[in-house]
Every structure is written in C-alpha cells, then in structure tokens.
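In the two complexes below, chain A is the common chain; its partner is chain B in one and chain C in the other.
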Partner chain A sequence: MTLARHTAAALGIALVLAALSVRLSPYRDYQMAEVAAYVVAVAGLTVLIGLSGQISIGNGAFMAIGAYASALLLLHLGWPLELVFAASAVIAALAGAIFGVAAARLRGPYLAGATLMLAVALPSVAGQYQGIFGGDQGLAVTIITPAFLGASFPPTRWLAWLTCAAALITLVLLANLSRSRVGRSWRAIRDDEIAASLAGLNVARLQILAFVVSAACAGLGGALLAVVTGIVAPGAYTLTLSIALLTAAVLGGLGTLPGAVWGSLVLVLVPSYLTNVAAGHGLSGGASSSVPIAAYGVILIVVMLVFPTGIQGGLRRLFGPMTPDAGILRGAPRRRAAASEHQKEGSV
Partner chain B sequence: MQAFLEYTLGGIAVGMIYAAIALSLVLIWRGTRVLNYSQGGMAMFTTYVAWLVIRDTGNYWAGFAVALASGLVLGAVLERAVVRPTEGKSPLNSVIVTIGLLIFLEGLAGIIYGGQYRSFPAAFSVTGLKVGSVALGVSRSDVFTAAAVLAAALALAAVFRYTSVGLRLRATAFSPGVARLLGVRIGRVLTLGWALAGLFGALAGVLVTPSTFLYPNSMDSIFVLGFTAAVIGGLDSPAGAVAGGVLLGVVLSYAGGYLGSNLVLVYGLAVLVLVLMIRPSGLFSAATARRV
Partner chain C sequence: MNRSHPMKRSHLGRPAIVLGAIAALAVAGCSSGAKSSSSGSSSSSSALTASAPGITATQILIGSHQPLTGVAAPGYDEIAPASNAYFQYVNANGGVFGRKIVYKYLNDQYDPTITSTVVHQLVLQDSVYSIFNGLGTPTHLAVAPYLNAQKVPDVFVASGCECWNAPSTLPNTFGWQLDYVREGKILGNYIKAHFAGKKIGYFYQNDEFGQDGVKGLNYEIPKSQVVASESYNPAVTNVAPQVTALKAAGAQVVVSFSVPAFTALLKLTSLKLSFAPQLVVSDVGSDPITLAGLLAAFAKNTTAGFGSALTQGIITDGYLPSLGETSNTWIQLLQKIHTTYLPKLPLDGNVAYGIAVGYTFVQAMLKAGRNPTRQALVGAINAGLPQGFAVAPYAYSATNHDGITGAYMAVVKNGALAPTGPVQVTDTTPTGAITTYSTAQPAAPASGVPSS
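And now, the complex of A and B:
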C-alpha cells in the first residue's frame, strides 16, 4: 500500500522533473544532476542519524568508495551503467558492513570519531596506490548518451534524467524502509535502546543495518557524482565533503527525506553563490572559497541550537494543516513528541 | 637495530603530541561527556595566532605564550557560547555542534589567512641528535616537544591532586550531581575544563606545526590520531591519555618506518578499530583514572 503510494508520488515527480529538465539550460540541468547525486547520499545519512540515532562524519569516504568503484568498473570492465551503479552501492555497503561491525559496539561519540578518522584517512590511500587510483589527478569517467535519444540530445539532460531516476528510486526505497518494521525498530532503538532490546530487538544488528544502508546510499551517490562531474579525484572527497553532507542533512531536517532534498539544493546552489558574493566584496580566491566552509559551521551550530527540526520541520509547522498527505498529518504530532523526548533524554 | 632505536625515540616524541591532544579531549569528556571534535580546529586557530605574533615580533616565545593564552580564552568562550546550550540534550547535539565549530574555525582561518601552506618555526634545532656516531632519530626540537608536554601533564596532575580547584574538577568528573549539591559551581568548573583543554590543544598545535606546515586543515590528521590515543587510554583517564599517546606514537612510528609512511593514518584507523573491538573501554582501566 505505502509502496504503491510512494511509487505513484515518485512517478509524478519524475514527470515534473523531466518536463523541467527540458526547459532548463544545460548548466541548470547539470546542477539538477548534481543535486540528485547529493540527495542520494544525504538521504542515507539523514536516515542513519534521524531514524537510528547514530552519527557518521565519514560518509564522504563511502562516497569516494562508490565513486572509485564506478570509475574502475567503467574503465576496466565496461559494464552497463545501471549495473555499475548497483555494484558501486554494493561495494560501499560491504565497506560499510565491515566498518559497521567494528563500530556497532560504539556509542555516539566513538562512532563519530571512528568515521571522522575514516574520512581523514581514506584520501591517502588514493595517493599510495597511484597505479590503480590515478593519484592526485584521479580517474576520468566518461559515459555516452544513448543513441535512441538522438544525436542532438544534450548530454547534461541525460545526466539529469539518469541521476534523478536513481535518486527517486532511492527515495522510494528509503521511504518504504522507514515505514516498515525495520524503520520502526530503528526509531525504538533511537528513543530508548534498553527498552528496545528488552522488547526483543537485536540492537547491534539493526544499528549495523542502518549504517550499511547509509553507506550504500553514499556509495551510489558517489558513483552518480563521478558520472556527473566526469572525474574521480581524492581532492573532492575530503573531510569537508563529509561535513557538507552532515550540514545538508541537519539543515533539511534530520530523519526527513524531503529535508534531504532541501539540504542538497542548498549544498549545490548556495556555495557558488556565497563564493561569488565574497569575491565581489574583494576577498581573494582562496579566501572566498572558504566562505561556504565557514557557512557550513554556522549552519550546523545555529540549526542545532535554534531550530533542530530544520527546514522540513519549519515547513511542516507553516503548512502542516494544509498538507494534502494525510499520513504525514496524522504522524506529525506523534513524531514530534518522540523527537523532543529524544532531545531531552539526558547526557549520560 | 639502529633504525629500531630511531623509530622508538621518534615515535615517543610524536606520541607526546598525540598525548597532548588526547589530554585535551579527556579533560572535556570527564566533566561533560562531550567529545570536542573542534579541538583540532581550535589548535589550528591558536597556531595561526602564534604565527602572526612570531611574524610581527620575531620572537618565538612571545608567539608560544600568546598561543597558550589564546587557547585558554578560546576554550572558555566556546564552552560558554556554543557548547553550554547543548547541555541536557541528546549527545547527538553536542557532536553536531562541535563538528560545526571545527568546520567554522577551518573556514574562518581560510578567510582570514588564506589556504596556502605556511611554514612555522621550531623552538630549537631540528637536526638529528647523535650520541657518538649513533644517530638517535630525534632532534632538540623533539626533546623540547616531549619535555613540554610532559611538564604540562605533570603540572595538570599536580593541580588535580593538590589544589582545591583540582578537587572540584575531580568531583565534577566523578559525579556532577553530588558535586553540585556540595556547593561546587559546576558551570565554572566546566568552563575551566574547556579552557585547560584549549591550552593543551594550543600546546600540541605549536609543537607539531613545524613538521606539518600550517594550513586550515593542518590539524585534522593530528586530531584523529589524538582521538585514537584518548580511546586507547579509555577517554576518562589523563594518565591513560598520555600512555595511549606514547603507545600510538611508537606503534605508528614502527608501522611508518617498516611499512612506508604514506598510510600512517590508515594504520592509525586500524589501531582504533582494533582497540574498540577488543577493549572498547580502553587499554588502561578506569580504576587508575579515579586516582589521578
């Protein structure tokens, strides 16, 4: 039932996006593809943090794993794209599982620290094995627009279609997961771990599962981003990327999938705007490119301290009563109560 | 054998820097159960302040002193302004807020000082010391580094043990609720803990930067290794933090020396994961922590 509803909504959105992509300029199509790639990664992260109550500051590293996996598969094996994307997600999920098993015994700050270290350490691997990963220059990723679309079809529009399709499929799957038994179990664990384990939930296994899901999403997001930007290089997968993903999830509203979309839109559109404004006010190139980085910090702090439900929470408060989706309406007050309880649950 | 000696001594010297970062994390964790992910960013920022002072005055020690003082102030200010409001909320909030602080400080440093790599002077000569014809693998600067961190750690231990402020710090770490009932001004004690942590971070920053260059992300890798050292030590034991730092320094020095130094962070990650899998509470038990 929910699957049918979510799929219908996704098909509707897909039609709107397809119509939009035809009207937009190639550059805007490119940005649309970028947003879609980030949506996949941010959605995985927001599910991990908002639903299962764990935090990862290393999902940029899983994006790197997915991106390199897709580049290598395309380069050496020449697999079809959809297979490459699936494989990239699976490889990142495997990496996430290995790391998640180690991390499952860890409470919040330990897991955050371990994933932080992963984000800092992983780029050095690309430098060590230059023969495989291409060193600092990275690997080029080229895809061909399929012939049936015609020779004059803009490649950026094909990229936008490809990534938006992947993003919508991911969102439908995540929306179902979060409404399923697994999603409910995650919320139970988030709100009271001891009670959840007394109720018979296998806390460790469910937490690893959440971590693996978020790693798979990050891997797919990384593979999509690799195809969109046409290059995979270690410089793009630094700690800053991981924190940018966190910023998008927090700003959009932790645990909400629409929030992942708002956050990703901000992530793609705002940094270049801020950099231009700063450069317009006489800051040097290096300095103005740091403005968005400082802005991430301000966003993280201000949102967490002042309005922890993020953009989606604000939208719900503004438009809540008028939202046509009755399911959200009924669920909203209950979920908000659970969320605030979660906030209160003390610092032990 | 020669190489082994060099790696061991060099590892101890680097390990003392990890120990300083680990101590700063432990100081905050004990009081508030907050892990300060912005510690590396704070240390990077105070090192930039020292760099400015040294550039303008030409006096290394003026920069050194200013870095430590600004570490104290920065720690106290950040605790009051940003971290205090997360008290009593889910631990996720403080994690996200301190991560926000980290990226904010890195962005701010990039805006003010630009992103380029800058060299930072060392207090003493960095040429290797020798006993007779045997190279030791450490320089005067390394000896100073180890001595400075050790002196600061011993001073901290003395403060904990022999002063009433230290007693309040210990009481707050042991049981904030009871300490509050007994008249300890918990708020001030927590601010003091952050200030001391800022001081240790600043110390690590000025000591390590001569060998890493100074740039907005320069402390990232030092921070994660300091975190690893703190986890090895059990996160709430100052003595464990120092031991963990030295242990990690030596292990990574062997790994880097015998296996190649490019992947030191990956080895560090392996150590962290191993420790967390085998003994999540750290190699040094909490019992010793209570005594310090």
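And now, the complex of A and C:
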C-alpha cells in the first residue's frame, strides 16, 4: 500500500504548500512555482541517472519540446490546461522513446555525448522554422486565473498551486515507480548489467523506459516553466539549462526525490539571493553582475565537498532516520553496496 | 505644465566648480533658473506623497533587465550604468520634484526566461514604479504583455522593434530609439541616391531587428539592384558562407543590419576573402569605438589603431549628435556626466545612448507631475515629449508609441561619426516620404536637467 502512503504524504505536503502560498508574497509564490517546475524536470533526471545509471546532458531539450508543445497547444487549439500538460509530457516522452532507442546502444561518455548533441542542436530548430516557433523571440504563453477564485486572487498564487500540484503528482508517481518492479530492475541494471540480463531482465527495453520516463518529466517541467514565465524562447533551453538540471540533481543527491527538491530550491533561490546581496552592497556594475555567478560556483563546490552524496545524503547522515525519505530512493550509485541494498528493499 | 523644480537650481554651482571649464554654461543656467522659481512656488506647497508603487516622498524606484554578462553584454553592459550616471547627476541637482531616482537593473543574460524572472522580482518584490529601457527584442517580448496586464509603465524599451508601437494591445509600452524600419528607409534612400546602378547585397540578423531593417531598405532600394540577401544567426559566429555568397553575387555595396560583433566578423571575413565592398551599417552595429575594440580582439591584433583603421569609411546613420562634435551642447553635457560619474567607461555610443534615454525618462517624469500615478506617466508620454538628446523629434502620441523619428547619414572618420547630410525624418509606412528636418536641434538646458 505504498501508493496510499505516498498519496497521503503528498496530500499533507499539498496542504502545507497551500497554506504557505497564502502567507507568502506574490513574488515568493512565483519563485515557488518556478521551483516546482524545476522539481518535475530534475526528479525525472535523478531517476534516470540515479536509478537506471544512464547519463543525460540533454534533458533541457526535452523541456524545450514540452514547453513548445504546450505553447502551440494553448495558442492554436486552446485546450484546457490539464490536458495541455498531459499532452506535453506525452509528446516529450515520444521524443524520449525515439532518442532512447539510440541511447540504449550507447554507454557512459558516448551516451552523454549523444544527449549533449541533442541539447546543442534542438534550440536552433526554433530559429529555422520561424513561422511555427516564432524564432528567437519565441511564443507567448498566457493563462488566465480561473474565475471561481475571484478577481482579486493573485495570479502568482494560482501558478504556485498549479505547478505544485503537478510536481506532487509527478513525485508520487515516480516514488511508486521506483518502489515497483521496474524500479528494482533499473537498480539491478545500474549495478551490473550482465548480471541483470542473466537474471532475465530486458536491459535495452528497461533503459529506453527510463529515458521515456525522464523525458516525460522534462516535458512536463518545460510546460510548467512555460506557463510560469509566460514565454517559450530558444534562449531559455540552451545547454546551460541541461547542465543546470544536472547540477540540481547531483547537488540535491542523485537518485533521491527529496534531493530533486533541494536541488531545485538551490537552482532558483541561490542565484537570485546572491544577486540581491551583491546589488545591496553597492558593488560596481561589472562586479555586481559577475560576483553572484562566481559565488554560486563556490557554493556548488563547497556543498559537494561537505556533502559528497548531495544535500539529501548529507541530511540523512546528519539526522539519520529522522530525515524525510518519502521517495525511498537511495543515494548515488554505490556499486559495492548494491547487494545489501537489494536485501533491504522490501523492508523499508 | 510650468511647475518647475526650484530646488535643483541652487545646486547648480556644484558641478561647475568640479568642472571649471564649463562655468559659462552654469552661469547661463542660473539666469534661466531665476525665471522658473517663482512659477514653481505654488505647486511646491503641495506635499510629496507616495502616489504610486515605487514612489515615496523621497524617491522614485525604477527597474530594468539588462544583459550584464553573456553574449550581448560587450558594449550593451555600459548602457544601464550610463543611464544611472545621468540619474545620479539629476539627483545631485535636486532630483525630480525633489525625489531621487533609484535605478535597479538586474542581469538577464539576454535569456528571455531569466528576463521573466527578474521582471517578476522587480514588479512583485521591489514594487518598481516603472520598467525602464529593458534591453533586447526577444527578452523584452517575454515581459511586455505581463507588464501591460499589471499596468506597469514599460517605457523606452532598448530595441528598435516596431512591435513596441502597439497602443491598443500594449498601451503601457513605449519604444525610444529610431526603429529599424525607419532606419532601413533612411539608409535605403541614401543608397538609392548615391549608389545608383550599383549591385547591393544585404547582410542581416535573422530576427525582428534584421527583418524590420530589410523591410525598410526594400521600401526604398529598387529590387533589381539587390543581388544577394544573406542572413546570420547570432549563435553561429562563422559568417564565411554569407560573405562568400555576397562576393559571388558581385555586391559592390553591402548593407548590414548587424550587432557590433557581427559587423566586426563581416569586416574581418571580407578581408580574409579579399572582398572589399562599401559597407553601410545600421546604427546598432556601427559604434566606431565598440567596433574598433571588437575588431582588434577578434583579429588578435594589438597594434595601436588597427581596429580604428578598419572602421574608416563605414557609412552609417546617427540619431544622437555625433560624439565628434565637441561644440554641441548635448555632447558637452555627455562629457560632463561621463567625467564625473563614469570615469572608468569609454565615452562611446553606448554611454551616449544610456545617458540620452535617461534624459528622456526625466523629461517624462517631470511631465507626469508632482505626485504621479503610474497612469500619469503613460498619459504624459501619450501627450508627447519635447525633443531631447536626439536630432529628430519623438513620435509619441496616444496612437503612436514610436520614439525617435529620424537620423542623419554619416561616415566613420577617425573613430567618430562625421555627418554627411541633414537630419531626415520619416514614418514606418512603405510610401511615407523621407523629408529633411530643418528645424535646428534645441540646445541642451544649461543645467543638464530638462525643464518640465
């Protein structure tokens, strides 16, 4: 009955978030929505890397696919929002399936290289087909706050609700998936491909499935981000985004869903906080624009030095069993400890 | 609207002491100040109130998104500091009705998604009164609908896209610089007259900037003369294919709607392919000082004057007075502000742009009244603004949100623009005439601060 347990936990968190969104200022609500959009994409990536052991530097491209899909669906067909989100995830998943077939034949750095290509190449498609994708300035994504909430309801709170709901649903589904047979098979493949295939697992099919799941999450994340920022433009989906997603997954704790949340929080809040600090201390123009970027880099290095297994790994070490472990997704690939991990699987 | 700001006059002497050389101007300023102080007394009795978000009794908070790092930063990162320098100058001279302008500009790295984030922060968290001079077409398009939905004044966008002139859909958004269609028409008109029968090639950035420019060019240049039309994508720095095509087509004149980095690449690649057409470059990509620096950097040539020599003879247009005209009162004002507030930056086209657009903002704020609402600023610009730094008047009206309407043709000589013709004004329609604007540009106010 893990589904029920995860759903109950998600409902509890939803109530806390709803209360929080009412207390927070409109801008904090906006940041909350941004974090939630990133959580969806990062969670998909952390499952791919942490569980199935495949590396992707191209998930930003799947976010772009989801984002453009949602923009086009809203613009031309005017579908209801929940349908748009589902469709965006499906379209990105299809792209992920096609790419996954190729990816299943590649290993380690070669796979990373192929996904890298995707991240570099895809944004320029928007420039090639300006009529459809709007070129460099992209497409506007406008949503309307539903009327039943009243005219004075802050639009950013609605965005926060929307994205947080999507993020929680995604997290519940991923948590269940990782506890299911599929999740266990992914771990088996990650730890030893040959042993897994000897045990009767279809390695290629499972790897493609992992790619599809992570692409679907990235697509949904992209659609959410498009709605939050109100724009889809190629400038937002460059290699930098893909690497930012990877950074968030590693920083939060690879393979852990709470880690995806920590990573996304860092991704959204730290740069904006540092910019404000730099501006507040009256640094000169050049310095105040470069200092936050340098400081962000230093923070990333320090966190990885102090918490080699990411923030979630560090919290677990500090607070032991008290740490929320909703996903029951274990830390970074630990090949040596794989056997014992599998034994514990059913007990937690 | 003669509710002037009596208090700033008293501070007039300060910059004059700092810069003794322009003492004569300061004297002239004092005499004009005496006139307005009496008429201002009635309005100064009403207290300064927090009349709108971002406005308190003591300050006006405005915000912007600017590319301070990343691909678009070289050159453009000077604009916001330059505007800020002008605001500091105004603040030191009494401010706007006694309020000081606080300018908070955030780095969006020229990425529309970051633009959206920082503008939400400025509007929701910092509660800025207005977004001022947000830089870039793709970036600003990401936030213009949001700003209009929130009824935040979105003034003097740093982009010449015709898209800002949409009073019905974007009532709070105003352009400022000469738009690319008008600029294309003025350049095209010059080419038609001076290069009759020559083969013309286009080189342009494949987005609104380049496309609007080409639209304007095509309104003027006969189709039969255009032998090649090559576009570039700002993400791809190899322009050899385009230059080869222009050369193969036998272009004798190449018109370039490019950002400075790509003007430099065009020039260097042409040299490499021993192709030497007459270059005609949009004001956006022709600032001689920025260009010279980029040319030297790209060619890895540190010989003094290398870059500057390559810019010699480029034909372009200018909508602000040429930095070479040291006797022009506006250029003297630029020099004064530059020496006092921006000693570390070169006095180039970007700094001039930043200070000039800052001046326009102060013009608009003074017109918006003592205790303005957000709507008052929009209304003030809709009612039209007097000509300022620019050589041509603004188009501002309730039905037209374009800014500067004209420019003069010029040639780059020894690192500065040497005007070669009179100021010409036009509109954005295909058939709209290009006419000489013979009214002389009014001199800069001696105080350096516009009168309301």
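Note that in this section the second predicted complex is superposed on the first by the 287 of 348 C-alpha atoms of A that agree within 3 Å, B and C clash if a C-alpha of one lies under 4 Å from a C-alpha of the other, contacts with A are read in each partner's own complex, and residues count from 1 in each chain.
As a working rule, a contact is a pair of C-beta atoms (placed from the backbone, for glycine too) under 8 Å apart; a residue touches a chain by one contact, two chains touch by 3 or more.
Note that the structure is predicted; figures quoted are calculated from it, not measured.
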#### Entry: Superposed model, chain A: greater residue contact from chain B or chain C
B
### Task
Name the contact category of A:148: first (chain B only), second (chain C only), both, or neither.
neither
### Query
Is A:229 touching the first partner chain B, the second partner chain C, both, or neither of them?
second
### Task
Could you say whether A:305 touches chain B, chain C, both of them, or neither, answering first, second, both or neither?
first
### Task
Could you say whether A:124 touches chain B, chain C, both of them, or neither, answering first, second, both or neither?
both
### Task
Quick one: classify A:289 as touching chain B (first), chain C (second), both or neither.
both
### Query
When the two structures are overlaid on chain A, which partner does A:135 contact: first (chain B), second (chain C), both, or neither?
second
### Message
Under the stated touch criterion, which partner chain does A:25 make contact with: chain B (first), chain C (second), both, or neither?
### Response
second
### Task
For A:297, decide between first (touching chain B), second (touching chain C), both and neither.
first
### Message
Taking the stated contact definition, name every residue in chain A that is touched by chain B in one complex and by chain C in the other, in rising order.
### Response
124, 127, 238, 284, 286, 288-290, 292-293
### chain C-touching residues of chain A, taken from the complex the two chains share
25-28, 30, 34, 124, 127, 130, 135-138, 140, 142, 156, 225, 228-231, 233, 235-236, 238, 272, 275, 279, 284-286, 288-290, 292-293
### Message
For a test of understanding, state which residues of chain C touch chain A in their complex under the given definition.
### Response
68-69, 77, 80-81, 104, 106-107, 110-114, 116-117, 120-121, 124-125, 137-139, 141-143, 145-146, 206-208, 233-235, 344
### Message
Please output the residues of chain B touching chain A within their complex, sorted ascending.
### Response
29, 32-35, 37, 82, 85-97, 99-112, 114-116, 216-217, 220-221, 224, 227-228, 231, 260, 262-266, 268-269, 272-273, 276-277, 280
## Note on the structure
Contacts from chain A onto chain B in the complex sit at residues 49, 53, 55, 57, 99, 102-103, 105-110, 112-114, 116-118, 120-122, 124-125, 127-128, 238-240, 243, 246-247, 250, 278, 283-284, 286-301, 304-305, 308, 342-348
